[in-house]
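Report on the structure given below.
Which chain is which? They are A, B, C, D and E, in the order written, and residues in each are numbered from 1.
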Amino acid sequence: MTPSSIFMFIILLASIAFIVVHQRSLAISKNKRQKLHSLPRHYGYFAATCALLPGIFVLAIWLVFSSSTLDGIIINQLSTHMTIETDVQAQLLINRVKMVMDTATQLETDPNVIAAASEYLRLEGMGRYATLFFALGLGCLGMGYAYLKTGVEFRARNKFEKILMIILAFCSGIAIFTTLGIVLSLLFESIRFFKEVPLYDFLTGLQWSPQTALRGDQVASSGSFGAVPLFAGTLMISLIAMTVAVPVGLLAAIYMTQYASKRLRKITKPILEILAGVPTVVYGFFAALVIAPAFKDFGDLIGLPIDSHSALAAGFVMGIMIIPFISSLSDDAITAVPQSLKDGSMALGATKSETIKKVIIPAALPGIIGAILLAVSRAIGETMIVVMAAGMQANLTANPMESVTTVTVQIVKLLTGDQEFDSAKTLSAFALGLVLFVATLFLNILAQRTVRKYREAYD
Amino acid sequence: MNALNPTEVKNMLDLEKNTKMTVEGLNVFYGDTHAVKDVSLNLRKDEVTALIGPSGCGKSTFLRCLNRMNDTVDSCRVEGMIKLDGQNIYDKNIDVVQLRARVGMVFQKPNPFPKSIYDNVAYGPRIHGLAETSADLDEIVATSLEKAGLWVEVKDRLESSGTSLSGGQQQRLCIARAIAVSPEVILMDEPCSALDPIATAKVEQLIETLRGKYAIAIVTHSMQQAARISQKTAFFHMGTLIEQGETSAIFTAPAEEKTRDYITGRFG
Amino acid sequence: QTRDQIRIVGSSTVFPFATAVAEEFGRSGSFKTPIVESTGSGGGLKLFCSGVGLSHPDITNASRRIKSTEVALCAKNGVTDVTEVKIGFDGIVLANAKGAHQFKLSLKDIYLALAKEVPAPGTQGGTSNLIANPYITWDQINAELPNVKIKVMGPPPTSGTRDAFNELAIEAGCKAFAGNAALKKSDKALYKQKCRSIREDGAYVEEGENDNLIVQKLQADTDVLGVFGFSFLDQNSDSVQGSLIAKKGTDFKEPTFENISSGAYPVSRSLFFYVKKKHVGVVPGIAEYLAAFTNEDAWGDEGYLTDRGLIPLPESERRVIAKNTKMLVNLSLK
Amino acid sequence: MNIDRDLKPTDWTDPKIVARIKSRYNKERRFKIYGFSAMAAASIFLFVLIGTIGANGISGLFQTYIKLDVTFEQSRFNNISQSASNEEITSAVQTASYRTLLRNAVYAKFPDVKNRRDKRRLAALISPGARTKLKEYVQDNPSVIGTTQTLWLLASDDIDQLQKGAIDAAKPESDRRVKDIELTWVAQLEKEKAIQIQFHKDFFTNGDSRDPENVGILGAVMGTIFTLTVTLLLAFPVGLFAAIYLEEFAPQNKFTDFIEININNLAAVPSIVFGLLGLAVFLGTFNLPRSAPLVGGLTLALMTLPTIIISSRAAIKAVPPSIRDAAFGLGASRAQVVFHHVVPLAMPGILTGTIIGMAQALGETAPLLMIGMVAFIVDIPGSAMDAATALPVQVFIWANSPERLFIEKTSAAILILLLFLISMNAVAIWLRNKFEKQW
Amino acid sequence: MNALNPTEVKNMLDLEKNTKMTVEGLNVFYGDTHAVKDVSLNLRKDEVTALIGPSGCGKSTFLRCLNRMNDTVDSCRVEGMIKLDGQNIYDKNIDVVQLRARVGMVFQKPNPFPKSIYDNVAYGPRIHGLAETSADLDEIVATSLEKAGLWVEVKDRLESSGTSLSGGQQQRLCIARAIAVSPEVILMDEPCSALDPIATAKVEQLIETLRGKYAIAIVTHSMQQAARISQKTAFFHMGTLIEQGETSAIFTAPAEEKTRDYITGRFG
């Protein structure tokens, strides 16, 4: 009796409930020669729901609480045979018990453990039957309720639809939970971080070197958490990316919407879509493998010292990544400009490019600006390209040929190296995440405002 | 062949002199749709010509051929001859930019640019380089707005956006914008259909004052309007020009059955 | 949850060896292949010592010995029975790109180039004579070295390589000055602090814990020296070269398999891993994994780990350790 | 209305104006060229990207193999006889040292090599992965025990790189990883036609490995499949229901607005932040296992949810109101209108959005790094609870490995990833085109 | 008060008996827009009532109140009393679903579901559970299509999509669909405005045959159409019901100046 078979039973009961109540409502409508409020199947649906929901609820409770309860019981029993002092010991014992249960391993020699394993199996089996019993029992009650309710007056469809609606509403509430989860998970850790490193120092410090000593006897760098070099690096790379992406993306969008023939559009649109679909880790690999060395070689050729992990290379590739993003959003903004404005300009004898430059672009400008803002927020949050192609070392510089690091790189670096949940080093990753979240949130809200404005202008 | 008498000749010459645009055997296709079928029609400098007919009969299409606005529709193919002052406008060496400046157009829905009123009117003169100095430009803008009967209403708010005006004002602004490049012909495609009765009346009045200075062609759905403002009327049906003539004649004694049915509301 | 797969964390230096054994172990059939994460020695020990139980790793690799403080941390969290397995040697090399100047350094040179504070020129050190490191180019330290800016990329403090480097190179160089040596006797804590601190003015660049990246960056910037384990040099011998290092004077030794194994190369260290005894028999396969690691096929003179750059222990030592490992002898720090 | 002023008629033959028109046309042409170049540039980027990766990736699907005579001495298999029981055979096959078998085979091929160091080199010609193959071979054919068989065995990565021309034999010996003596061996093998580049199908059936020649993509593919399945099972129904609710049922109030703002913002929250969320909530609070596709799937589901909701809403919105009116007019309830008419009609759009969201999730790496899906994992995961990596993470891991051959392997993995992506996008485009003009 | 004579009483009772819907003091608001202002009007079982008036005057809004279709517009607020057979349809315990089945509606643009012709017609009976067996359903579909004059044209292709029909056929399909739930009232909002003259004629003919069986209210823009098919006409202007009465009376001798202006085309 596995949880999934319990689930199947519950489903079965729900089906039965549907059939029974459906039949009953059919019978009622026949006997009384009176019209039911809802269709027979609505009564069926309602009954099925009444049978299903309590069953699912019981099963969920079992799934959530069973293992801790059973573990406790088994430990209790085992403690009569052996000394179990700590929770940890208990946990390890349970693992041994479960290994015996799952794999019937021959390695286990302790008879107590083997006995406990069979006991565990027995209890678990009992628990599952109890679950099944309660699930089906409550389900039957639900079905009975629905059965009794079935009648001419009862508005089964409305009731059923109401339940449906609650489920739908709950689903849309998940977005809120997610945001809440993000904010809370970032905030808690960040607050702990800011207890050690003052917020002001974090936001204005010019020195970033988070590698603090882990133990007392270790002599390491003193650790400083001034995030300005990270912000500067992030901004520089984003700026380079935008310098590549905005003109190319915008011009491409203009060409696609205003000049390209249908056939050309048919070819190029998928190209841009593929470009948009390429995972960023691939761009990162491409940057590290092709672009960065190429830039460096080019620098050597003309006598410019370009770092092998220059901001330029990372920014350039990020720019490529963002081109389709900008072009598709600008495309939308441009096509949203009503044809009548274009006609108005053309009818005055303006050439196409004059129309585009003087009428279409200004009219689409809010949308385009919104697109650019969204693209910036994307660039700021982009991770893999910079992890693979930008530097690791915080470096406060204005020279794009040097290597700089970004907020996201540092988050990855801090969290994939060491994992401990109390040092300032690890916590600083969450603080950086919070900064990132707030920054992109701000940009998004701004972008949405601008975009909404131009939508209003034409709707 | 009989000899012509002097008055007749004078009339014909007069006609010739006053004819601004001539259309001969015009056929227009959108892909496979034959939207305008073998239409011939003249526009005279001193008259307002109204184009009427049920929806989809090709009025707009016809109108948009006169300044080659149909060039912007990919699938559109135009056959036949359209002459502006005797020159075929579909000639290869005709400059579309110049043509459209000479043949202005006003659309069904007022479509001011989302710029200031001033910039709306100045747009045409600027792109064509019609004003040497900014004083010239001011002058052009003022005159155009005045001609469009909008000057008094907007002279104190030239900087506010064209879209902030009311519908009727917007339509007159569009007319001013067309006038600003000193066109010779003005085409109007249902210029009043999006306006309320009062604004409609103002625009009709404006058309009346413009008559004589520009050759005007106007598409309208309202027979009443056609009767009020036009001197010539052309009735289209399913792409064909069924009948044309003096407005008064068409509305009182149409030659064709279809025309009569239409203007008495039998169909459409 | 139950766990039927060994979880290993720890040093990036030991990572290639641990993964190689893990893969072999998985290949041999009866158990799942262990999951190995590279977290650095310090981070690994911290995770390892954070408790007993299935959410904590079973084994941690370290490129240095566990410290008494770490043992204490372990004990505090109930991780009391730990078995230490010494698996071999690794040399720490200072290397730069092939084709650039091959450095010949004494430990003293290294100390002078990288310590946070060094004795003022002409003095023998000691607290009163220590000044913030003034050297900018190598030839300021030693006229025989090239006139190249001092720039060294090395691992961060979480790494065992860094610990060992501090101890074996910097501290050893530091001790060479009489004043510093005297300090050791008078104030041990202060001595440690002075002799093991690395400068933070940009000459020493911390480069994450992934040694591979350093190798790549050295190729890109030929003026830079990198600090990493011998196995990485061995893997990348076609693109980087190790500097020659002398314990004293001009007795320069190249970092080679033989020199490290024989102890002639001064900056070499032992590699370890640590096993949580309480997990043995709970998580299946730990004992077998230990056996696989301490098998001659693996860590022997001709074992496959030598192909990956591990420098084996002397055979006699191996025999003892293998035996102790089998019996899960408790760690004792002496 | 008074019109006393008149505009002066434009003289279109004025040379100034003629010149101006000419220059305007030139500008027009230039502008068009800019636009075209921008589009061409974007296309060129794509081709360079795919070209570079494709060139490397294709060769990553091939490996060098060496032909050797392997003697399966009985003594190495516990001296079992032909009549041994199945269990005996299995255990003998299980415990035999294939390493020694292989070694002896290579030594036999080059009997002149005596030096210890050279012998090690010799043994290293063959990849350790060959051992697994050999074992499987004996498992499948226990009858070979006691015989000598000629087999093609996987060569090590250095030899492979040499054969593929990535290692330049003309360089001085100290500057290359393959030494002179190995070159002579390879030359001899070549003469005997005993070395060959073959299609390496193990790449599709192996898990990760330390040896680049031996790595396979299956572990990552399975990890991705489990992850995406979890994502899809969660994100699609929840996203669809949320979209339906917001578009069709939600009252216009502050709360709904708040949900909407939330969704729009979530759509643009950097993916790494979702990784932090997964780390803190799923690993930290719910104590779900590290590195598990379940956690990856949950995290990615939260990440793709906004995409799915937004595109589903757009699709639902695009269903013409006339259809709704018609159904309402017949007395359908709101739920009936929605589920009988609106959702079925919007389904192509919803599916398109879902596929695009899933494609996004497929390519996502950063959040997975945060929840420990970056580790050395050899075993092919068998469920969503087993430790696993995913395709893009595997790309990241391999891209950061020093061995040369990993570049090819990374590229090959990327090709597979792109194949998945492009086919998903193609389905989305097809769906969109097929159902675009329905009303 | 005078005593009523028997004929008068009989007439009044008759009127009472034939009145299907009564609207009293109806006011409708869209947010701040007051779209329908204090309108009172009766629909009779045996008559077609035409609603005319210029665009935006509130005809559609009025019509959509009669089967509470306006409930689907969030911003819409309805005040006043609408009774169907004496029962207030805006009453709390009125089931909208049932109401809409009793008061059917046909829209301006034909809007068949993108399903088969059969399913289009069968949809209403299915959701209301009007047919017990599939034979019943077949019967309902056939009868409805026949009543809508479409049976002959489509009986061999009931499985093909409703959208594959021509515009006129689609509109008749929509009427059949409405009839299939056996409504008591049918509301039509410019049912012919998207149709060509021939299709229009067919639909008008159909309305003629339906008259007497259903109370019918029809919004139209064409005065000719109103004159042709309706017995009662109501003229709306800017939300107000200006005038109502016998169609013949309204079109020959309107009581109000506005009505006269409108039907003679003076505005609109």
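The rule is simple: a contact is a pair of C-beta atoms (placed from the backbone, for glycine too) under 8 Å apart; a residue touches a chain by one contact, two chains touch by 3 or more.
Keep in mind the model is a prediction, meaning the values are calculated, not measured.
Chains that count as touching both chain C and chain E, per the definition above, are A, D. Shared contacts of chain A and chain C, meaning chains that touch the two of them, come down to D. Seen from the C-alpha centroid of chain B, the farthest chain centroid is that of C.
Here the chain pair with the top count of touching C-beta pairs is A-D.
Nearest to the common centre of all protein CA atoms is the CA centroid of chain A. Work out the mean CA point of chain B and of chain E, and you get 40 Å between them.
One inter-chain figure worth recording: chain A and chain B are separated by 57 Å, centre to centre, where each centre is the mean of the chain's CA atoms.
Chain C and chain D have centres, each the mean of its CA atoms, that are 35 Å apart. Once the centre of each chain is set as its mean CA position, chain D and chain E turn out to be 60 Å apart. Residue numbers of chain A whose C-beta contacts span two or more other chains: 351, 354. Counting partners per residue, chain D has 24, 333-334, 374, 400 as the residues that reach two or more other chains. Shown for chain E are the residues that touch two or more other chains, namely 127-128. Those residues of chain D whose C-beta lies close enough to touch chain C in the complex are 94, 97, 99, 116, 120, 124, 128, 131-132, 135, 174-177, 207, 209-210, 287, 289, 291, 372, 374-379, 385-387, 400-403.
Across the interface of their complex, chain E is touched by residues 251-252, 320, 322-334, 336, 340-341, 345, 438-439 of chain D.
Listed in rising order, the residues of chain A touching chain E in the complex are 36-37, 39-40. Looking at the complex, you find that chain B touches chain A at residues 67, 69, 72, 74, 96-101, 104-105, 107, 109, 111-115, 123-124, 127-128, 163, 174, 177-178, 181. On the side of chain C, the complex with chain A involves touching residues 2-4, 39-40, 42-43, 46-47, 50-54, 67-70, 73, 78, 156-158, 162-163, 166, 192-193, 196-198, 200, 205-209, 213, 216-217, 219-221, 278-279, 281-284.
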